[in-house]
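Two complexes are shown next, each including chain A; its partner changes from chain B in the first to chain C in the second.
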Partner chain A sequence: MKTVDDFVTLLRDELALPVTADDLGRGLDTVESWDSVHLLALCTVLERETGRSLPLADVLEASSLKDVYLLAVAP
Partner chain B sequence: MTDTTADLREITAEDYPAVRGLVAGLEGDALVRAGRALARLDPGKVLAAHPGTPAPLIAVTGHGTLSALVPALTGELARHGLLARVRLSDFDSWVFDLADPGSDLYAAAPSLVLCVLDPALVADELPLPWRVEDVERVLDEKTALVERAAEVFAATARGATLVLNTLPLPRSLTAQLVDLGSRARLGAVWREANARLLRLVETRPEVVTVDLDPLLAEGVAAHDVRQSVYAKAHLSDGLLAGYAREIGHLARQSAGGAKKVLALDLDDTVWGGVLGEAGPEGIEVAGSYRGEAFRRFQAVAKQLGSQGVLLAAVSKNDREPVVKTLREHPELTLREDDFVQVRANWRPKHENLAELAADLNLGTDSFVFVDDSSFECGLVRRELPGVAVLQVGREPALHVERLLRDGWFDVRALTAEDRARPARYREERARQDFLHTFESLDGYLRELDISVTLAPVDAARLDRVSQLTLRTNQFNLTTRRLQPAEVRALHDDPAVRVLAIESADRFGDNGLVGVVLLRRQAGVLHIENFLLSCRVFSRGIEQAVLGAVLGHAFDSGATEVRAAYARTARNGKVADFYPRAGFETVREDADSADFRLASRPAAAAVDHIRLTARFERTPSEDRR
Partner chain C sequence: MTGRDVYIRSAASALPGPPLDNAALAERFGMDALWQQWVDVFIGTASRHLALDLDSGKLTVSLADLAEEAGRTALDRAGLAPGQVDAVVLGTATPDRLMPATVNVVADRLGIDGVRSFQLQSGCSGAVQALDVAQQLLRSGSARTVLVLGGDVIARFYDLDTDLRATAPAELVNYVLFGDAAGAAVVSTEPGPGAVSVRALFTRLVGLGREPGAVLEWFGPADRDSDRPAATEDYKAIEKHVPAMAGEVLEELLDGLGWAREDVDLLLPPQLSGRMTRLITEGLGLPDAEAVSCVDDAGNCGNAIVFLQLERALARLAGGRRAVGISIESSKWLKAGFALEGS
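So, the complex of A and B:
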């Protein structure tokens, strides 16, 4: 997973979330079908896909999907 | 991403029956992903579109964050054609949920309650600093609390099942103790608490305890420490997925979907090599590296067979060398007598399986089929979607793991009937052969010399009664499934008679083959259910027993007898069982009917059966 599009595909395929790139900047509370438990599943999936360990405490404090994406692709 | 996931994301409630086929071959992450996609569906809409879908309500409660269980359970139940309705409790509310009979959990009336326990249940309550004695005290308190919860559960959630689990022992706890003596004692007290949870099953028929140790021994991590610290998810997703798989089998079995037959391919499944090419002396069955692997697989099949699983061989081979090999090969572990049928011919395997099912009077959905050929596996999957198809690979050492990875043959309790079942089916084959020597069925039945006993069931065999209600699909008038605790409650109810039907004939004892549930209310005798094992119906036993029940009803002063029929996909052949016995239909729609009989019918004796009937209980039947 490298690009924003990859990230959106992953959200749709893995978490069955009906999101588009436009939704990434929204507050998590306003994302359709979003539930706080998705964040845990998303961490697991991202770590599997990127083969890297994520700073979980930071991910859990993310306010938007874009924040999560930036943490996942941070060098 | 697979095509399957794409298909599942598009799926609507109307398509639900197709889901089982789509998820059948999925494992691990792919199945959880499928579960997430399926969890979007509104169960109400699925049931509106397909009212016959079995949809157990599963309440999930426990100590930590358990959200990962929802997609895992959804996926696992879908594999069995079930629709999971999962009710997830608030975080750490298990004590309130289970110890308070007025809780919302009990009000929701789930059929399955998962109380998921984890090591933090204990670790969170340790003082600082702590010693082994503290762990022992907290474990003791918590197990006592679980036992108390199970007691309230038994009294409150009649007929439901409570699932507990053992607590994994994390190294992050043991390694905090630096002296090895204390560390060993911690291991001992921890195991003792787990043993107490496992032993609860012995005294509480409504409890199932899932032992997590065997799952952990396969190499699944017990937890992801960051998820545990940050999100209070104290059991790993992988462990919860393995746990959910066991729950899937429990739910399938509770819904009447028990697997009864293990049909095995022979070449490269039961033995190494192709019999037709290598000959009996060339196949690998023992001794060599690969031979030992096949021997191990045969031993496991035989072990399953000893517990009531019917083994059958389905092989593309000439019949004669196969039978000769199974009979005479000196090193084979599985022999001809271990199989209820050996079908060796060149016809498609799905046809052989369908005929085998007809011979055994079972549905193909009670079959598990093992083969190494992807062609055969694919064909059976396509032609007989209810069959659980297990494809084994080229590495025979993994055959056993493939067979046992899923608890296809899991049952709540094993009865004496289970152990005797393969022998009974072999007797049945002798009966069939005997039948072919007669001109008419009447002559056959007379020569069969059938004796039947109808009497209140004794307390020691309530498990068998429960099992019959769970396993019997065809001759089952109302298909009300009863868990062991429910049967016990009926047995203890003075207004109810739980009558066992036992039969025997010249070929042997058939054992406990049927159940009649009677309830007396004022002057009316209600036949709440009537069920008979598929092994023995159409021999007149059902008519003889019903005749005795009706005679008893009017002899004992009943003014009328009431009975009911509830239609399922499998019990159409008994829809007119009561009307044919003289009952009038008082109400009828597409799904069910109620019947009434106001006077003794003209006795139609079944003269080829010797029937002994007793309706009153003796004190010895009440003891356990």
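So, the complex of A and C:
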């Protein structure tokens, strides 16, 4: 996973979240069916895709899906 | 009702093996630090006991093993012999077999015979349902002493080959919420040393038209290849409804007894997960009550929960202290509660 489009595909295919690229900047509390279990599932998938660990403390600071994406692809 | 007083004379529990902490589960399932941190933050359950060898994947003990141990301990603590038991009631969602009923296997092992026995197919409120049956037997005058048992072995629902990274949320939570245990209580119309009085106890089905919040399947030769998941949980419905239902049970108990909130010395709250139980306890608004919980160490152990709480609570009720217990079953939605008073 490298691009934002990859990220959206992953959200739709692996987490069954009905989101588009336009939704990434929205607050997590407004994402349909979003909850802590989805957060875990997303982080787990991202770790698998990127081969890097994501500290939960950092992820909990994320306020949108875009923030999570930036954490995952940060150099 | 005849007005006969009902007493809980003893309580006991049996837990399989050593506690398994989140690190041990993470290691077994190949999960990393993030997963472990997530369990700590969002589930808040530190450990649980499983009747399962994580290396071999084999079940280590049965429900009958655990219930026998708990039942024997409860009888010893009450100072009663098996021959003094007039009835046995067991609540479980996970009997060892569909037949013979586990309750009768346990009775046999304890040397109890020639009495009535009942097994309830029940969930997290099963202990209170079993106590309710015992209470009715005692109040009707047809029994003086009832051995009440409850427990679950959910270890058989663990698929150690599963990839938790690819597991749906409704199944994933089951791997960290639950634990195996059995418990027992001796309930009688005759008080003994350390007995507490049952001042109120009720169970009520409130599932009309409601979807189940939790489902456990069983399979036979005709459908064992079914791809439906064996265990699922609608955790969102549970998070939404259980706190409110717990509040309703508390109000009903206090109103019925004429107790004020300040009169409650001990609270035995629903044991969903460490985090949920803390949220519910705070929401109930009983500032003077000490919470008696076991979920942090033992997980949500289904039909055993209330017995584990009673075991911890009974001695703390000496001197006329008062306790309220609340149990909510989310499978097909039941409310249950009880109130106890020490002597």
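As a working rule, the second predicted complex is superposed on the first by the 75 of 75 C-alpha atoms of A that agree within 3 Å, B and C clash if a C-alpha of one lies under 4 Å from a C-alpha of the other, contacts with A are read in each partner's own complex, and residues count from 1 in each chain.
Keep this in mind: contacts are C-beta pairs under 8 Å (C-beta built on N, C-alpha and C of every residue); 3 or more make two chains touch, one makes a residue touch a chain.
The model shown is predicted, which means the values in this text are computed figures rather than measured ones.
On the superposed chain A, the positions of chain B and chain C overlap enough to count as a clash.
With both structures placed on the common chain, the touch criterion links A:Asp5 to neither chain B nor chain C. When the shared chain is aligned, chain B comes close enough to touch A:Asp13, but chain C does not. Overlap of the chain B and chain C interfaces on chain A comprises residues 35, 37, 40-41, 43-44, 48, 56-57, 60. The residues of chain A lying in touch with chain B in their complex are 9, 12-16, 33, 35, 37, 40-41, 43-44, 48, 56-57, 60.
Within the complex formed with chain C, the residues of chain A that make contact are 35-41, 43-45, 47-48, 53-57, 59-60. Chain contact summary for the complex, chain B toward chain A: residues 1, 5-6, 9, 29, 33, 36-37, 39-40, 65, 67-68, 71, 224, 226-227, 230-231, 233, 237. The residues of chain C lying in touch with chain A in their complex are 31-35, 37-38, 41-42, 164-165, 169, 172-173, 235-236.
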